[in-house]
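As written, the chain order gives the labels A, B, C, D and E, with residue 1 at the start of each chain.
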Amino acid sequence: MGKDIREDISWAKINEDVLRSLESPRRLYWVILLVAMLAFSVGIGCEVYQYNVGMGVANLDNPHVWGLYIATFIFWIGMSHSGTLLSAILHLMHADWRKPIYRFAEAMTTFSLMTAGLFVMVHLGRLWQFYYSLPYPNERALWPNFQSPLLWDAMAIFTYLSSSVIFLFIGMIPDLAICRDHLHPGWRKKLYTLLALGWEGTDRQWRNFRITYLTVACFLIPLAVSVHSIVASDFAMSQQPGWHVTSFPPYFVAGALYSGCAAIVTLFIILRYVFKFEEYMTLPILKKTVRLTFAIAMVWTYLNAVEFAAVWYSHDQAAKDVLIQKATGPYAPFWWMMIFCGSVVPLTLAFKRFQTNIPVLFAVSLLLNLGMWLERWMIVAPTFSHGYYPWTWDHNQWPSLIQWGMVFGSFGWFALLFMVFCKVFPSVSMYEVKEMVYHRRLASESQAAAKGAH
Amino acid sequence: MIENNFNRRDFLKVLGWGGAAVTLSGCGFTSVQDGTETVVSYVEPTEYALPGIGVYFNSTCAQCDAGCSITGRVREGRALKLEGNAASSINRGKMCGLGQAGVQAHYNPDRLREPMFKGQPVAWDKALGLIDEKVKTLKGDDVAFLTGGMSGHVKVLFKNYMDALGSKNHYVYEAVSPSVVRAANKKAYGVEAPRLRLDKAKAVVSFGADFLGAWVSPVHFSQQYAQFRKGNRPEGRGVLVQIEPKMTLTGANADRWIPLRPGTDGVLALGIIHALAKNGLSVPADVAAAVKDYAPERVSQETGVSVEQIGKLAALLKTHTPSLVLAGDAAEGYQHGSQNAAAIALLNRVLGNVGKTIEAPANVPFPQIAAQGGNRAALQALNGKLASGKVQMLFVHGANPVYTAPLSLKFKENLNKATFKVVFAHYMDETALQADLVLPLDSALEDWATAVPEYLPEGAQLNVQQPLMEKLHAGTRGTGDILLALLKQRRANEYGKFDDFYAYLRNAVVSIKGALGGGGKDEDTFWAETLSEGLVKLPGSGGNLSSKASAAGLHFPAVVEDAAYPLRLIPSVTANMRDGRNANQPWLQESPDPLTTIVWDSWVEIHPKTAAKLGIVEGDIVEVASKSGSIKAQAYLFPGIHPDAVSVPLGYGHEAMGRYAKGVGANAFAMLDAVSDQETGELAMNETRVKIGKTGQRIIVIKEEGVAGGKQAGKKIAARLASDKVDLSKEV
Amino acid sequence: MQSFFRSIILLAGLFFYASSHAADALPPLTTADNLGPKVEQPIEFPHNRHAGLRDPADAGDPSVPAKGGMEINCMYCHTGARRSAVAAIPPLQKCIGCHQTINSVRETPRIQKLFEYWEAKKAIPWKKVHDLPDFVRFNHERHIQRFIFAQGKPVQEACGYCHGDVRAMTVARRSKPLSMGWCATCHQKDHPVDAVSGKTSHGPNDCWQCHK
Amino acid sequence: MSQHHILALYNNFEEAETAIAELRAADIKGFNFDDLTLKSPIEHHEVEEVLGNRPANVQWFTLGGALMGGLLGFFLISGAQANFYSQLKGGKPIVPLPPNFVLTYEMFILGGVFITVLGFLVCAGLPAKRSPLYSAKVSEDQVGILVKADAAAAPTLKGIFAKHQAIEIQEEAGK
Amino acid sequence: MSVSNLLENWSKVRHTHPVGDVPHEEYKWAMAIDLDACTGCNACSVACYAENNIAVVGKEKYAHGQAMHWMRIERYWDEDEREFPDQGAQFLPMMCQQCEAAPCETVCPVGATNHTADGLNSQVYNRCVGSRYCSANCPFKVRYFNWWDYPDQENAWPDEMKQQLNPDVTVRTKGVMEKCTFCVQRLTAAKNMARNEGRLVKDGEVQTACQQACPTNAISFGNLVDAESRVHKQWKQQQVELAEDAQAKDEYFTDLRGYRILEDLRAYPSVMYLERVRESAI
């Protein structure tokens, strides 16, 4: 296995390579951007229509009151987690191979959270009254219901989003300073000058920077866990068969990290090509990420099994019925597909041969995410179709094109934000790559010295 | 805008207050508004109406002929909701869904707004003038009247107008009516509508009488049924057995529902008598002789009811006296319908129920206002007369024959042989479309009338129907007013003094106040009380009942099968739709049929076994074809029907009448064979034989019932106890 | 160093202030006046002439402009107030009832207009001034019964609490917010249940009491 | 007495460190060691020994922020729940602790993160004006040492810088 | 309500309901439905449409399962595979059970649905933002969402029919959840009248629309606190306890008919059903 990164790259070259990504990406970049815009405008169209005509256009009904919106909402929340995994957890573990790739992972976190936020909105029957659910002193002297898991969601997502934005920004300050110093004048230079807050890399700044970065990282890890366990409690706290499951929080968190890692692999491959980052986003790093993904995939598979087992051995007949319903009822094809994508497909990653085979990885990572999306859908929908009350069982209700349109559009929205970000801000952390190179060189030199001594 | 006869009813004026248009903004604007909405106040105050407070007026429900008394809630001059009037012995403050929908008949957007002559709007005096000219040119016998069952002073005016024209051709027609049973009752008891006392009976055996759903007076019978079921009643909890080929709502509530081979009701009745005789019940010799061939085995083989079951029935009837045996639509709708009814009457007599649970109805002191029930024979008779071209001019009121007449009668063609057809109508229905002159009627909540129900559960009573609010449409008129105007054309001297029907009615009622038990009171008080009560209880003797049901001449033709048309069509009368006159009321369309839970469409009930044989599954669009016609409708696999029969609800499949009725479902009347009961000549509703074919289309049946299909998945949701497992005596 | 501690303390102060305030936060509104827009009425009805005080001398506080008012009880015209959910606009006949006999003003334009309506037997299309949203159920009867009849508050005060000092108005104009929070400010006070017993109780806080 | 700013740029940390070490050892009149600032493209805490311990206090902000966030959270929520309109919900107490703990926890983190960042800006003196002498090289690959001293001390300082192969030495007369 | 106040009333805001709660003081509206009397005739359902401004959704939307009937009549068949349902069908009127500890209440993000002092499960239309969580968490699925803007739907209320709308009940616009309210507008009116006279509402003084229509008196409704009320007597006689999730009587008194649906979910419904009785001999 090769080195994660060449140790003889000069710091100047790092600067210039990364800065180049802000100037001249491959043509593919613009193609992606265009497609994203189209997809997003489709989503917008659907929402406008739904807003004016009513939720009915989503073809939801009683009892199927929730649909793809909630499922996709969970999906995006999940997606956001591995950003934190890479930047925070691995940071604490001093796994320095994360350094070239954590920046875009964090960006992914931020933007998928924004996307998730959109789904809360489009789900609401009366979007125009959204402000009712915000806690602020108002002339009605009313507060939202703090008992509702949905409100916890809102709170958690707000915390998580703001924190990750800050984390992303703080971590970027030294790089912004670099951009400020080394880009030719223009609106961007002004922007960077503003955002760099006059960073000069003095010892005082670095000292506090180190502590701050560490602290925020420490906060972010429990936060990330809490966020998805709260999303899980939307279901676990409810009383419905198939939702009222104790193991949901860890299960959701695992699923989140899983889909996140898969997404990172996908984006890794795209960025690597689009911005010519072969030097930094190297195959060995990719390999590490893939192995991480594989590990988490297995965790998820296990927790899945645990959940089924728990239901199976419980005395809750209704829950059992729902589970059987999933495996045999109208949703069976999707359910089995989820099992396949989520638990079988990742096995390919166990093979060294595939761990660095970019086309395979690309395909696999997409399949994994498909599986994870299906998982969310399979959590939400079947419970409605086969709940406690037999009279209202309803097995033939399917999402309308409007719902699909918005799901589709959300990917456009995400891609749009993400791609714009990567073009405007350095998606590889220059100063940390420098540190990485520096420390690795020191290390290997000392090794060499040690050898020489013998 | 207000008809002159209303200005004394100023409080009926509609106010803008909390007006619907405003209410509709519902969850709209969320903050205080200033000076956008208008508040209209009365010009003159009334002691009744205070804005924001509901006022209640008593009237009479006109949704069916049962004659329930209603109380309408009026606010700011708008009739909002109908409740039952507790003072009435018929519905005692209760109401059925059909009655609740009365407001939708009133506010219906498809109501006729002005008279139409050959499709063109005309002014009222012009319209009435046209009639005047026409009748002048005709002799009385050329003029015929087709009306629904009627009573009270509207009936009186009708009769008088016919006299004025010298016409004897009054055809009183109800597409759905117990007319055969009526005749049989007349024979057996000497009265057409004896009082039935379910509340006194220990057991009720009903041959297809859907008294909880759509038979005669459902609300009243439902209340009796509730009494009948009470465990803490002296007679103890009653037992209900329903015997019919297609499960009705009543069948669904029976302790035992017995599917019977269509048409064999009489045989079973005699079989039961036979069994009773065996069990040692003393049976008159003539009867014993008549039933001697009806040994359980034979009966069982003919009727498809097991010998054991027949035994059980006999045992039940023997132990539970008094009991009550009813003959309903399912029993009477055959060529030998009268026979069936007679046999059942005989069973009652043998059981000695006559006088115990079958009582004499009170007789109405004034025969001219007494109810005249409609029947189906009338239509056939009129049809014949029309066909022969003897009818020049035809008045139609309270009936929609073009829709309800079987195609095989060719009624529509014959109708057009009449040169001048006047139709009184609320909607532009199928018959109105054929009319030369259409006269738009006030709704029942706008109109004045009196009514004497045909079925009188207690003493006779005169129901008053009075306006609950001002007219919605200036162009409509009350039946009474129209008739009065027509009569003025003929007998000005006699009717000139009444400036409107209200005046006539008040005068007519007040003039007989003595007989109505208001002797002591002065006219105004009496009238005021009458209006506030909404009804007058008529004093007067109960009639007397004869028990002369005889076994003489009872014979039942063996059921002949028809290979080409293997199945029996049972057109079902549903509580929502009845004969289809209320089809344009959306609440009724959207309230699911109790048994199939289907909405907004008609359906074909097939027993799963039969369906399996024909390869039909739920949702298949099947064609039901008889000799005289065919319909297409969705199949619904229904366990509660005899395998040899299929059932289609009546009342759907209108081609006109309004947005909610038009094109919904298929019209089962159209395909009926014109077979009649031999004695009464009534159209035999259940005599039509049909065959069923798949069309290849399949749809998802739109119904309330979900995929669970009426299963409870092992949960205790709708629970049931066996009567011997429960102690009802101490219940509240 | 101590600059840093100062900032810490400052921050702490800020947080506690913010938290306690936010927790205490009730509607920003008190019973402070907030005038609604002027409303164009078919007849510019002078409340001050009818309900206003007879002459300034009687007026307890001089701020009340009471040039020759009639001191007519609100409920003389708004008869619904004590027995119905809505106070009601008096029927036209009521106006006429008095004004037939008052010849002094018979020829003034407003009264002439009034009689035009009367002769035409047309109801006057008054504009609603205090128009709550349709999902709000405000019951005049209960408030009047409780505060005027049970507790014995003077009519002007009881009505005026929501409708402002009508004595000083010509055409009535909304002078209170009538917002939910404003209702609450009064509902959560303890009011004596009647004049005699010292018992008090606050208004209902159940959503369905006022929302339908 | 006029002050001078001197910036020396080095190729690597070793040279910079030795230079700093010497400056520290040599007690130069008119030059206070606290006025020495090290500027580097990457974070390199080995220099701290030579620089001596300079305080970093962000963690105190963190502590305060987190605690206050938590408190605010709990009291805001419980207080709001117990307001005039308090209505029973699902048979749970009007102020149910488990949900409030969830939200308190979130607020705890929120406060922590925000105030930490605030603290960072305070402690690191950001945002700041650009200091008089700044070389873009520092954000590329060179290590800079910025000192403030009396004009008198300037030559000595420059001497020392030069001795340790400073690539470049800039000087500027400050106020 | 200030923090200090919170601390003062701590115990007040900490008790649970209905178990271990201070009982309802004046009113606890409840129902008892006798399935033996119920014939499944649908009168109650239509009466409910009339009283509560419920929209008629029309064929197509009904097909999508978007019907709004607050009160629905369910029809069950026996599940032994007999050829004929010769014991008839089972009918069950199902409407909001007004649970004492309603699962829908806790989850509403804006607190649009609450437990009122009278023991009702209130639904405040104008507060609802349409998250539909309440319906998702309702075991009986008796909450109905306005998927479309029914007031503007031609087939729901053409202009003439708008005049029939009950001014005491809000007409719900799109995006709002709605459900059976036990005809709260009638209850409020009755309570106001009673208060004017300084008394409590007497039994029979107020009826729900469904109860008033029901031709067989299958539905009885009233104040469970009032020992004189019919409902109270029925619950007592059937030994059904409001605050129990499993009735003691089920152990030994099997000859009592009273039961509540899905009781074990601990929602404590306010509607008691009386089992249907069928003659075993015939």
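Everything that follows uses one rule, which is that contacts are C-beta pairs under 8 Å (C-beta built on N, C-alpha and C of every residue); 3 or more make two chains touch, one makes a residue touch a chain.
Not measured: the values here are computed from a predicted model.
Strictly by the touch rule at the top, which chains does chain D share as contacts with chain E?
Intersection of chain D and chain E contact lists gives A, C.
Chains still linked by touching once chain B is gone?
Drop chain B and the rest stays one piece.
Would you mind checking which chain's mean C-alpha position lies nearest the centre of all protein C-alpha atoms?
So the chain nearest the centre of the shown protein is E.
If you tally the C-beta contacts, which comes out ahead, A-C or A-D?
It is A-D, judged by the count of C-beta pairs in contact.
Whole-Å distance, chain C centre to chain E centre, using C-alpha means?
The computed centroid separation for chain C versus chain E comes out at 36 Å.
Between chain A and chain B, what distance separates the C-alpha centroids? Give it in angstrom.
Once rounded, the distance between the two centres reads 66 Å.
Between chain C and chain D, what is the gap in Å from one C-alpha centre to the other?
Inter-chain centre distance comes to 60 Å.
For chain A and chain E, let me know how many angstrom lie between their CA-based centres, rounded off.
That gives a centre separation of 43 Å.
Can you tell me which residues of chain C touch two or more of the remaining chains?
Each of 20, 22-24, 26, 133-135, 177, 179, 184, 206-207 in chain C touches at least two other chains.
Residues of chain D that contact two or more other chains, please.
75-76, 78-81, 83-87, 89-90, 92, 123
In chain E, what residues contact two or more other chains?
1-3, 6, 67, 72, 74, 103, 106-108, 111, 114, 116, 122, 125-128, 170-171, 176, 262
Can you give me every chain pair that touches, using the contact definition above?
Touch list across chains, by label: A-B, A-C, A-D, A-E, B-C, B-E, C-D, C-E, D-E.
For the complex, which residues does chain E have touching chain D?
Spelled out, the residues of chain E in touch with chain D are 1-3, 5-6, 9-10, 12-19, 21, 100-108, 111, 114-116, 122, 268.
Which positions of chain B touch chain C when the two form their complex?
17-18, 22-23, 25-45, 50-53
Mind listing the chain E positions that touch chain B in their complex?
Going through chain E, the ones touching chain B are 35-37, 39-43, 45-47, 49-51, 53, 56-59, 62-63, 67, 69, 72-77, 79, 83-92, 125-126, 128, 151, 155, 157-167, 170-173, 176, 209, 212-218, 230, 233-234, 237, 254-257, 259, 261-262, 273, 275-282.
Please give the residue numbers of chain B that touch chain E in the complex, ascending.
Touching chain E: residues 14, 17-21, 23-24, 26-28, 30, 75-76, 78-84, 91, 93-97, 99-101, 103-104, 106-109, 111, 212-213, 218-219, 222-223, 225-226, 229, 231, 237, 239, 241-242, 247, 249-259, 312-313, 316, 472, 575-576, 586-592, 594-595, 597, 599-601, 609, 639-640, 659-660, 664, 700, 702, 704-705, 709-712, 715-728, 730-732 of chain B.
Which part of chain B faces chain A closely enough to touch in the complex?
Residue positions touching the partner: 27, 700, 705-708, 711-715, 717.
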